[in-house]
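Note that the chains are named A, B, C and D in the order they appear, and that numbering of residues resets to 1 at the start of each chain.
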């Protein structure tokens, strides 16, 4: 085990104000169980889970309420005891609608139902358990990537035949402004993370381990050094320079091991790497050793307008309004409510939306911090091109999309865009470049889907 | 010298203002501009060779210098037709891209202009062919430059009344202005 | 039956939700600040006429911009200061003694024809100030090449004079025949001001192009503020130096320090809108500017090729852009 | 003079022979029907069909990749002629036009946030599901108006409206709308339900003053369920366009005010 400095620097990147001091020193606090939870069936990337309970049912904490629905999908378990009030389509933070269970946690079970006791799943000893058992446990615990995208973890940990994982990279960069959830996790639950790493190493067939942490988190680096001090095998802590988007999967792989993931549809496993967020790793440790599925997560509640910024451990499905109330409410009027960080998070329209497995932060921005687009003409200054970590000509893409030339945007490799926001961040004309890219990607995806459907229909004929 | 002169200094489009129709018509996309340039280079070079032969061996000996314009039009028109057919057969994508503009070369004053200038200068065969070739390169150069600007202008947002060809003309004028800087670079006899 | 508005009413926008605080007007302000030294030196050497020319150009540009936007029914864009920059740059590229009405015509051309017709800031294919200068050079050749002698207001006997450039032009030819008539070359060399004068700007020329030191200070400021990158100025000047070393004629330092090379390389060619986006493209662009500038200086009929060279490269920059697209991270 | 005539004639003759030979040996065999179909089309090259010019559409027709009847300029007569050339029956279709099934104007439907970004429905819908309280309704950012080849759609008071006379029923707006609020309906139908929200009455009322609550009054007033003028999806009434209602009375009787008699905005009126 040793600590090394990152040898590779990717091109581009920006330096937003991190504003982490707001919540950095706040220990993780557990929120009292809210009276109502809204548990979405779509908390992960891929097909939403299939709801298997109905209104009026009484469910026990940890019970499967949504079944895995396809290969890229995970199951959903209820985060608390309670009675299903209704199943409705609810708006998620990203703007999509999905079935959600409205759970009344104050309801008492009818009749004589035995008190739930003991662990939800049978605890496993990872040393003796088989690789398949461990993988199955990750799957049935409903674990997905907790960094933001929510990719099903069991799929990631099970590389397709012919591909081998050489490096397991732990993402502790947390480069999003304001967010400190992963940081607190690394400080407070370092042994858990170590246990998770050992389990994952076993599942993946003993890859080398790289723990990537940005240089501005010396305490976290120290905590990791202590926790991993006596681990054997090829394990390194890689200290990354402070640069957004250091937490992006592709850039982290480059910064830690110097490998470049080719353009989509290539995945990190194609260059022998698996990247997991530290939160996910801790969740795996819990699922295996304690038999505790992924039912709650740490969410940073911060931003200038919240009274007491906190790192809250809250059950998945907690409404934003409950989180805000737990953090002392609003200090000043909120201009923008953001689910996630300021660079890639989603602005939401109402605090009635609830958290998911991927909600890493909830930011309440006052008017002074909520910048608005005014969108002047592009002056071709090239700042976005220099800032783009994917080395795209963002200005060109934005101009093409602005004049409805989606084909032109596609030719400029818009599909490679990771929507990190560095372009819009650095644009002196305040152009919503990232949004232009999103628009292009959206219509290209729609077109490809339409073409596929057409081809499928033709094949049927 | 002829090359530099014809490409930069006495550029057909930007200085002699010959061939403005395809200059404006085919310059919206760079790919078509490149194809068109190729076609013009090809047509102009061959046309120069053919017209030189006709002028020297058919018209001048018979004292028919006064009808050479007529004869040239005839020859160039058939030549373009021939290229049109050949291209459709051998290079269908290019043909599809050039579409309506290929027959336009038929009446392209640049082609005829080059032949006329050759005639007036009384230059030798090789020199004539080379001059036409150079002039066509110059035409193509201007066309490609212009198409680059127009592709950029496609994302611009000019006032409504200036959209389309109006703005292209303004741009062409400014480009011509810039090319004035080359004047005197090569002292050509014509 | 109208439903009540909910209490919370947030701003909904796509990420990112934070910004670097850079802005167009701040960039333009930086350019203006960077031009301050050279403006001051120009006014010192050329006196009141320089003040009037600058004031006229800037004022006309602002008014034209406002009127154009009004006529088009679009937002007023004076606030982004780009019109002020255009006006100042145009004025700095004019001889101090030019009749003011010509300065007005040039400014109207710059904003009206070269910029707003295309839709305003960011859309123009050619640098407005340079397009206007080229337009004026062709339309008003006489006044545009009549130079005030520096510090003429101190020694009022000889007011106008020739620029060193005109002398240097002869030197290309003189150099070729230097063996036959060594005196001609030596005589031409004598007419070039000494290095110190070239650096501080004690020579006839346009208001803003004379003082290399002042321009270098401005360029350094822009580089430090990261408004421009080093690529274009360095490629431009290096090409001029290499060319003059190879082709002979006037010494390389004189080629760089006279005429519009310094202001062109640092302020005109680096105009964002009309130059390529990528570093590679910028190098090609700078090289092209330098090469064309020297070609025109040596062979062309105008003594100065800098503005034409940049204008032509402006036209080429979409092509350069097309061929120097950045390669996406991970692309083959 | 004679020489001149002979010369020109000679040159012309040689050229003609060369061209004739070229035409014979180098010409490309094309499906003759392409030429015939092109001739049958109006030749306006308007692009309304979505193909590059009439020739492009003709090629697609002959290749079987395009539906007949997409040419609005040529109309039914043209379609019939093309059908004859291609040897297929012309689909006897009634003219269909786009209908925006929403009447929640800015004053009626609440907005839950201040949208700030690109003026396009699809990206607006990606931003917190859009700024409209009703997540089914028209956002009014004009994605449909942008794709309409006939400029038949315009935005009024935060709502897209279709000009029935200009609409050619190409369906591009239907495809692009993120809220799926646009439907192609028979041009002859005059009574429409202008709502797309299948939620329960109180939920609809919370976000829109003119949303359908699923009260079934329109059905009752038009002769009951047996008459079959309406179908219901959740708490949303839908006109059965196979058997549309004709009695304008029901429009006035709709308590939610979400029905309209000929809802198509006509430009100039």
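Assume a residue touches a chain if its C-beta (ideal position, glycine included) is under 8 Å from a C-beta of that chain, and two chains touch if they have at least 3 such contacts.
All values derive from a computational prediction rather than experimental measurement.
Averaging C-alpha coordinates per chain and comparing to chain B, the farthest chain turns out to be A.
Contact analysis places A-C first among chain pairs (by count of C-beta pairs in contact).
The centroid of the Cα atoms in chain C and the matching centroid in chain D are 52 Å apart.
Inter-chain centre distance (chain B to chain C, centres taken as mean C-alpha positions): 33 Å. If you average the Cα atoms of chain B and of chain D, the two centres end up 43 Å apart. Averaged C-alpha coordinates give centres for chain A and chain D that are 40 Å from one another.
Across the assembly, chain B contributes 155, 157 as residues in contact with two or more other chains. Contact of a single residue of chain D with at least two other chains is seen at positions 112-113, 116-118, 123, 126-128, 131. The set of chain C residues touching two or more other chains comprises 6, 8, 10-14, 119-120, 122-123, 321. If the chains shown are joined wherever they touch, the resulting network links each chain directly to all the rest.
If you check the complex, the residues on chain C that touch chain B are 71-72, 113-114, 116-120, 122-123, 125-126, 131, 134-135, 138, 292, 295-296, 299-302, 305, 307-309, 311-312, 314-316, 318-319, 321-322.
Looking at the complex, you find that chain B touches chain C at residues 30, 144-146, 148-149, 151-153, 155-159, 162, 167, 170-171, 174-175, 177-186. The touching residues of chain C, when paired with chain D in their complex, are 1-6, 8-14. Residues 54, 58-59, 62, 64, 67, 70-71, 74-75, 77-79, 81-82, 85-86, 88-89, 92 of chain B are the ones that touch chain D when the two sit in their complex.
Residue ranges on chain A touching chain D, taken from their complex, read 91, 93-97, 346-350, 372-373, 404, 432, 435-436, 438-439, 442-443, 450.
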